[in-house]
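Both complexes below contain chain A, partnered by chain B and then by chain C.
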Partner chain A sequence: MLLRPLLQQPRTLTLAASRSTATQLLQRSYHSAEYGTPGHSYSPTETAILSAALHHVPTTGFTKTSLTTGLRELGYPDITLNLFPRGEFDLVKFYLEKQRLNLGALVDFPKIQAEAGLGRLSMTQKIRTLCIERLKANEPVIHKLPEALGLMSLLENIPASVTELAELSDEIWALAGDTSVDTSWYTKRASLGAVYASTELFMTQDRSADFAETWKFLDRRLEDVQSLGKATANIGHYVGFTGNAVLNILRSKNVRLF
Partner chain B sequence: MAARPLARAARAAPLRPFLPQSAVLPRFYSAPSKPSDPLSNSQQSAPSESDTTHFGFRTVKTSEKADKVHDVFSSVAASYDIMNDVMSAGIHRLWKDHFVRSLDPGRKPGGSPQQILDVAGGTGDIAFRMLDNAANLHHDLETSVICADINGDMLREGEKRAHAQGYLPSDRISFKVQDAETLDAIPDNSMDLYTISFGIRNVTRIDKALESAYRVLKPGGVFACLEFSKVSPAPLDALYQMYSFSIIPMMGQLVAGDRDSYQYLVESIKKFPSQDEFAQMVRNAGFLTAGRGYEELTFGVSSIWKGIKPLKK
Partner chain C sequence: RPLTRNERLFLNRALRVNQAGELGANLIYSGQYAVFKSNARLRPLIRHMWDQEIHHLDTFDALLSRHRVRPTAMRPIWNVAGYALGLGTALLGEKAAMACTEAVETEIGTHYNNQLRVLLGMLKEEPGMFQGLGEEGGELRRLVETIREFRDDELEHLDTAVEHDARKAEGYEILHHLIRGGCKAAIFVSERV
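Then we have the complex of A and B:
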């Protein structure tokens, strides 16, 4: 019962949903000195080159060819490619960061609620909507996405890829209005990360119209997480109850406990 | 404490069976600085701070450092690569291969051939790798390298090798005696790539060398430096210091017959700024760097710094 008010969406977030992403991130309801400034991790020059290169991803994919084409468009010689020590993976990471930071501008919960004529959306509904919006943003490059996933799974890129997934998961929970400060902060983000990653993988193989199968897949994964959560809670209750009962039986036998 | 007798034994014991005593012992056990050394005079006259620089652990007049470095490399020119192999167990080849591979010079489809300046590249080992990279990976025989070095002896060694390995005669490679601080013969905004491999720590005024690099590079051109740096986990660093100060000079004595030059080598490595300090120097010269600005190789025994000259300053 006590959790209810915490789980409700703070007013600041609903108002900020339509504003620019940067201001929205600055209004997060927590502060961390280690978290770094909101925004992506590339300098203005790098951003310009990577943005230009990103236009070529639908045709030439997440490759050095796209990067080189971007460089030439801006008047750099080919050798400037050395600005990106991780090569193609820098393009992938930039793409992921850009999509993540753009997510807030895609979803407007008050508007969705008004259109559906329903009351307040549940947390799961919000999470689902945000996941779908983020996945839909992959549509223009979906045929090249397996390349990106391949690069992300290379040993040297795994730490950066996992970090990016965690940040996306955090972004989705923050936009959905989650303000929990207990251990569920971690489990929520971990389980959503797993759901998102598996759904994205499914999406690259999905040939159904408008990715209908992907959304069904997503629903099943979200259900799994919920039933898993319930099961964990039930087990916790059972262990707590039994433990208490055992202690009381021992006390009734005059065993001195704490 | 236990390490001391061990190190002493390592210095003295293995030598006796292998070497003619008359040839080695007098210099081997004497202090490295000779009484007639000009540095003892310069220390007595106590020159002002700005006129002096370090030459290994010794303080010398700024005007003398270039000559001293020249002497060091003239004396090691012929045995330079063998010595590097012996000291680094061949790892310096892997570093250089990685350095060139990561720079990936050569004409890309739809691009143009590149102009490369390899400073302090006397013996040509970086230059040949770059030409190979361009030819083998990009089928490019037009990209050309200028090997610049302050030391004519090293350049002669490189020219000899270029002929032996078939890079000369052609216009893909040329050799020029040049001071890295000024690069007089190289026009402004003319180079795609500037490399300096295990050379910048021997330059008297490093900031001047960086300025010249900035001057000769085209906008968007790349400055790349491979150099010894600081080893980072402390226990490994302790081992590395032991190795470099007790074993390297001894190997210099054994293999190249020249202890002083290799004593200078390890001292100059110790004196070179840390990874972050040098990355900041690169940025101060006007270059853009990616991330923290360097990549460590083999626990930081050496590092690669890269900087990009921006289109507009």
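Then we have the complex of A and C:
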């Protein structure tokens, strides 16, 4: 596994190479109603080829075979495979991007609220719904997903995989209506990323009917996050009260610090 | 026309660093206020400047959440550093506090001017961009107007600080250059991290 980077072709200074170093870390995201959101990180030609290849993933998996079949369908020569220096991982990344960009279209909260007759959905319920929809979208390729997860965990692919997880986490929170712009921005996304990644891993091994166990697993993880949040808030309160008490004691001894 | 990658990068960084800057200014004023609460002359002055900074911060908070821009990860550090700077310079004396304000506002004024230069450069190349597309048109134009207004506010704070004997502070030269250097470093880091 560690020899793979040595055996791969040397990277040339193209746009593709700069993408694969994955130094973005959400630096370029600027969403606007006017100028649109940043979409795929692949060019139109690459998107067409990868979309065609995705159709074959349920049968031939996230492999060069799927890529080649997709290429041939669109009439490109086999050498076009060199457009993707990261090989199968480009197919995985494209799949992840596609599912992420699709998520907004899959979930329509006003409609869900109207159907369920609820007043307003809580943040946790929205997050739960969004996670479930995103996981359900994995169902057609779930039997090939362990392969994809393996590719994502290769050393040279880890930065891009982590970036993609972070972007998905950001997308889910944004769709749930989160407007925080302070340190909680980071804690929320980090915790959701961990929850989602563990649930997806669980899902690949789940054999229950309709993935019922996966949804229960998700619920347990979300509960964990909530209880952690409460614990942290409680600790914060305790420290605050104790600090206040100390200051008051000092004041009573005529030592005015604040 | 749609935004290019570099333009998105610029806007992303600009909004992030502006929010960080306004947060820093807020904390500096709150630190100074903590010391000058009992000073009849300075208290209303600092309170007024602080309230304007609060308004600036709220505006940028709203912009960041609307455009889904990542806030700076250095926020906890800026929280401590900003408050310490305000408190420290206020403890050094009234004139030192004003000198700190002057240095920070000078740096912020320069920074906003640089951003305006880039945005207006975009306008010069593509006049159509500022008319805006669709119903939500004029997003960039509104951004330019906001930054202009805030820059004018900051320069007003600068003038106020100078009026209140900022330049007569002990060790003015050192304080001024140290704080301006610190601001430049903070701006550089907040744009990226």
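Just so we're on the same page, the second predicted complex is superposed on the first by the 217 of 258 C-alpha atoms of A that agree within 3 Å, B and C clash if a C-alpha of one lies under 4 Å from a C-alpha of the other, contacts with A are read in each partner's own complex, and residues count from 1 in each chain.
Assume contacts are C-beta pairs under 8 Å (C-beta built on N, C-alpha and C of every residue); 3 or more make two chains touch, one makes a residue touch a chain.
Only a predicted model underlies this, so the values are computations on that prediction, with no experimental measurement involved.
Student: Just to be sure I read the superposition right, which of the two partners does A:Asp170 touch: chain B = first, chain C = second, or both, or neither?
Tutor: Second partner only.
Student: Name the contact category of A:Thr45: first (chain B only), second (chain C only), both, or neither.
Tutor: After superposition on chain A, A:Thr45 lies in contact with chain B alone.
Student: Thinking of the overlay built on chain A, is A:Ser180 touched by chain B (first), by chain C (second), by both, or by neither?
Tutor: In the superposed model, A:Ser180 contacts chain C only, not chain B.
Student: Comparing chain B against chain C, which has contacts with more of the residues in chain A?
Tutor: Of chain B and chain C, C contacts more residues of chain A.
Student: Is A:Pro159 touching the first partner chain B, the second partner chain C, both, or neither of them?
Tutor: A:Pro159 contacts neither chain B nor chain C.
Student: Which of the two partners, first being chain B and second being chain C, lies in contact with A:Leu81: first, second, both, or neither?
Tutor: Only chain B; A:Leu81 stays clear of chain C.
Student: Which residues of chain A touch chain C in the complex?
Tutor: 26-36, 38, 170, 174, 178-183, 185-186, 258
Student: Using the touch definition up top, name the residues of chain C that touch chain A in the complex.
Tutor: Of all residues in chain C, those touching chain A are 2-3, 5, 8-9, 11-13, 15, 19, 34, 61, 64-65, 67-71, 73, 75-76, 132-134, 136-137, 139, 192.
Student: Within the complex, which stretch of chain A touches chain B?
Tutor: 43, 45-46, 68, 71-72, 74-85
Student: Could you list, by residue number, the parts of chain B that touch chain A in their complex?
Tutor: 102-105, 107-108, 110-112, 114, 192-193, 218-222, 224, 288, 290-291, 295, 306, 308, 310-311
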